[in-house]
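Below is one structure, written out as structure tokens; the observations come after it.
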Amino acid sequence: MTIRYKITAAFSALVLFALGALVLSTNVSAAGEGKITGTVKFTGTPPHERPIDMSKEPYCQKLHASNPVKTENVVVGPDGSLEWVVLYISEGLSGSAASAVSSEKPKWDQKGCQYIPHVMALDANQHFLVTNSDPTSHNIHPLPKAGGGNNQWNKSQPPGAPPIDTSWPGEEVAIQVKCNIHPWMHGYMAVVKGPNAVTDEKGAYTISGVPPGSYTVTAWQETLGTQTQKVTVAAGKPATADFTFKGK
Amino acid sequence: MHDMHVPAVHHHAPPQGFIRKHVFSLDHKVIGEQYYGLALLAVLIGMVLSWIMRLHLGWPTLSIPGLQLLSKNGAPGGIPTPEYYLQLMTMHGTFMVFFVLTTAPFAGFGNYFLPIQVGAEDMPFPHFNMMSFWVTFVAFVVALAAFFVPDGPPLSGWTGYAPLSALGAVAGPGQGLGQVLWAASLAIFCVGQLLGSLNFISTTLDMRCKGMSMMRLPLTVWAWFITSAMGLTAFAVLMPACILLILDHVAGTSFFVASNLVVNDQLQPHSGGSTLLWQHLFWFFGHPEVYVAIVPGMGVVSHVLITNMRRPMLSHRVLIYSMAALAFLSYMVYGHHMFVSGMNPFSSIVFSFPTLAITIPSTIIVLIWIGSLYGAKLRINSASLFALGFISLFVSGGVSGFFLAQPSLDILLHATYFVVGHFHFTMAIAAIFGIFAGTYFWFSKVTGRMMNETLGKIHFWFTFVGAYSIFMPFHYLGIAGNVRRYQAFVDDYLQPLLGVHKFITVAALVTGAAQLIFLYNLIYSRFRGPKAPQNPWEATSLEWTIPSPPPFDNFGGKLPVVYHDPYQYGIEASSGDYVMQDSPEQVQTVHDEK
Amino acid sequence: MAKLFAVTVILIAIGSAIPILMHTFVPPVDISTHGPLIDEQMSETMAEAGISFLAAQIILGVFVWKFSRTQGRIGSFPGGARGLVAAAVILVGVEVFALGAFGARAWAGIYFTAPGPNAMRIQAQAGQFAFYFRYPGPDGKFGPLHPDLINEGTQNFFGLDPDHDPEAKDDIVTAELAVPVNREIHLLMHAKDVGHSFFVRELRIQQDFVPGLDVSVHFTTNKVGRYEIVCTQLCGLGHYNMKAYLNVMSQADFDAWLKQQASQQ
């Protein structure tokens, strides 16, 4: 090997190391201390959620026989809490906090002919796993907007098939996911930049890992639209942002 | 008819160099071999696809070893997904119908033997002939390419019903680029067939040697001639249909897509097209196509049988007229594919009568075959066994036509395995038997070597019993209401029938594996088989008057003169019980019986 | 070898006929008023096709057995080609045209009659990969369809707009086709996306849904029970699992069912 090749090799190694360090450092700084918490509520008369007739798929119908599943377009708790609202920082993130990609690999499960969870928030390029816990085939058919950064795909997952490991390259709030074999199955994947959260059945959420600063928080609900609020996160002190969506 | 114009003999030298001799050859014989080779490749692929489908139907949870390597998306963990099953099914049908059943018996044997049997040294348009093969090859590559695009081949079946086939990727995996490639492949294929048909027709009409009147043409030539006439009109309809389908994909037209369709909750940007238009165009091609697949087989089987029965058919003319009647009627019956399609129910009745009427020429053909066996001196060999098997299978497929010709019974049987059994018997397995009969019969002429008869007979028994074991139970399943094109039988109704599916799968695997015997025989005999005499079957037609393999210009620069009808057997001549077509010997010849 | 062929062909022919004669594989019991004609036509066709099949295969076998490697002169079929052609034209011609004519009667019974004035109108919609059904409600009128409003996530399968269309307000959308027994049903068939088909084996009805062309069938059931509706027109990856149920009920059960469905809209 000539000396020239050795220099090239050494230089390449150095560049690789530097790149690796850069990638690692973003991950480290993304795990900041700040938090944004709050609850999302619904006022007015919640829309009627129709029970779903799953007679087409006898297994799923039997599974839910005692407690029929209803549509999940607006899921309101007894105290007016609103479930399945996506919260993310739409303005104010900069640098490493904005480009950070969570290393968590959330699961998008098909169980009892429903998506578990109904709504999922992800970073762009964050990997997630699609699994099928039913003894029947489902087809996963996400429908991102045409012309955006994401491409539509449509794949079946027979029972017992290995999980599908994939990600979305572009931000999009939100990509509808359908199963054509069971047309009532639908859910959303919100692909955003930086830290995010989805409200639980009490309407509560926590966006963690937010570095101190001023931000705009956006709340998105699949049929009620979006709302925004400005918050300031100080070191060691969580900011609060509560939202209220009004019905008709 | 005897004083016809005889084309002058051109003495051209055989081509030099590998490319001109074996790749871009103008020689009809090489082109015939190329078509046969293409069919062999396509049938192997098609058979493997059917094995995967059968395995999955019999054992739905079975992980098929190695399948995930073939398609990671299509078979995660080796279990085919619903869409992958349909994609395999679509490509199985496409490869088999177009690249096997149309190419081998028609373009393969026809190219090789039609010019020799009419006494010509080549076709009138050798460049068109070369083009027809290479265009067909391009069509094959384009169809194959559909496997390698991201979403894979289309899943809409070999019939490609619109609007599923016209809406694009939104309608399902493979319905985007895969479907466009499929339509492009068929459109290109049509070009090849049109060029080929043109050559066949002009060879038959213009290139016959001195003394070869139309009625002195062997039944094979008649079959290819009739098939060409069908091909010319049928493929001329499929090609524009495929082009319109491609336009619906790429140019935003709506030939086959109606207004206000909603797929995945998205209103489709199409309006004013017609769903049934595609079906009319496709089946106007599709039904004659069935006869394009089977009529050459009838010609080959007649030719092989006559030679081995040592007697001509009871009536040469009646057979020819019946084949022509089949071809003619085939255009008037296509609507029987559409009885429950939503077309005017009155049309169903109108289409049902010509469909029933087509039984008459088919029956005449079968009766002439069987009637001619009476008093014959049948020689049993691989070729004649396959020819006899063809008759048996064609009868079995024909009688199920009684049911499907009736709209009222189509209500019960349409889109069930009964239909699958019906068309596999007639156009698929019977036509394949025709190919086998022709191969065992003509192999020595093409290669100059004999095939192994023992292996040939073993191959026959496996294939004959196997074909019945596979396709007869399909009819039972259909009668019981087993719907076709299902990748799994998820409902309680079909569960009890799973045992029958398992049986069919085992039969299909065994029968398929037995084809390796044929493949071995074909390849081994090609290189190691015993040297063949010029006329091993003591046959009369012109191909047996020349050396094996035939020289470049077939007749060594001197065109033959024909003195007799093609099948002068069962007589007393100097050579034995037959007299060659080109023999000037004056003997008491046989004529059609009344 | 000729004898082996003869025996094999005859054994295959007889073996193939056994499951048919034993009625091992039969369509399920008919539940429609128009079905008996079809079933009758089916058995007649089976008899004629079966006889032709057995006769042809057995004669083929016998001839191959008898006339292989025979000595002496070539014999000829008594009657010759003319006899065979005459036999084919007369026997088979009469046979198939008789079948055609009788079969047309069965077909006409379904398709060439108009539904009666009291037939109950139900709309069936087929889409990838499920059937949905719509009952017009007390006003007897179907609300107009707005394809742009179709949203399966909110279960608006038909694209109804009850807020603006008074006829749509009382429409009842269901996943199951329930019908009262002994009542004529006029089923209006609408395809949402691609071609589908409506096949109920027991009902002796198979009819394609044609995108862009609404077709209809009418039938009367005569047996209470739950039967499977399957799709028989290849419609995409979920074709094999595109099904629904036909629930034939007594009038009282049907009324209760419809009331319960209405309350869930």
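Worth pointing out:
Letters A, B and C name the chains as they come in the text, with residue numbers starting at 1 for each one.
As a working rule, a contact is a pair of C-beta atoms (placed from the backbone, for glycine too) under 8 Å apart; a residue touches a chain by one contact, two chains touch by 3 or more.
Because the structure is a prediction, the values reported are computed rather than measured.
The fewest steps needed to get from subunit B to subunit C, moving only between touching chains, is 1. By C-beta contact pairs, the most connected chain pair is B-C.
Centroid to centroid, with C-alpha atoms defining each point, subunit B and subunit C lie 30 Å apart.
For the pair subunit A and subunit B, the distance between C-alpha centroids works out to 54 Å. Chain geometry summary: the mean Cα position of subunit A and that of subunit C are 46 Å apart. The set of subunit A residues that touch two or more partner chains comprises 136-137, 139, 154, 156, 176, 178, 180-181.
Counting partner chains per residue, subunit B shows two or more touched chains at residues 81-83, 172-173, 264-265, 488, 490. Of all residues in subunit C, those touching 2 or more other chains are 127-128, 152-153, 236-238, 241, 243, listed in ascending order.
Interface of subunit B with subunit C (complex): residues 81-83, 86, 155-157, 161-164, 167, 171-173, 175, 257-265, 267-268, 273-276, 309-311, 314-315, 318, 340-342, 345-346, 348-349, 352-353, 356-357, 359-360, 363-364, 366-368, 370-380, 385, 388, 391-392, 395-396, 399-400, 402-403, 405-412, 414-416, 457, 461, 464-465, 468, 472, 476-477, 479-481, 483-491, 493, 569-570, 592-594. If you check the complex, the residues on subunit A that touch subunit C are 50-57, 71, 73, 136-137, 139, 154, 156, 176, 178, 180-184, 186, 222-223.
Subunit C makes touch with subunit A in their complex at residues 127-130, 152-155, 157, 174-176, 236-238, 241, 243-245, 264-265. Subunit C makes touch with subunit B in their complex at residues 1-2, 5, 8-9, 12, 16, 19-20, 24-28, 37-38, 41-42, 45-46, 48-50, 52-53, 56-57, 59-60, 63-64, 67-71, 73-78, 80-82, 84-85, 87-89, 92-93, 96-97, 99-100, 103-108, 110-112, 127-128, 147-148, 150-153, 159, 191-195, 197, 199, 201, 204-213, 215, 228, 230, 232-241, 243. Listing the residues of subunit A that touch subunit B in their complex gives 136-137, 139, 141, 143, 152, 154-162, 164, 176, 178, 180-181.
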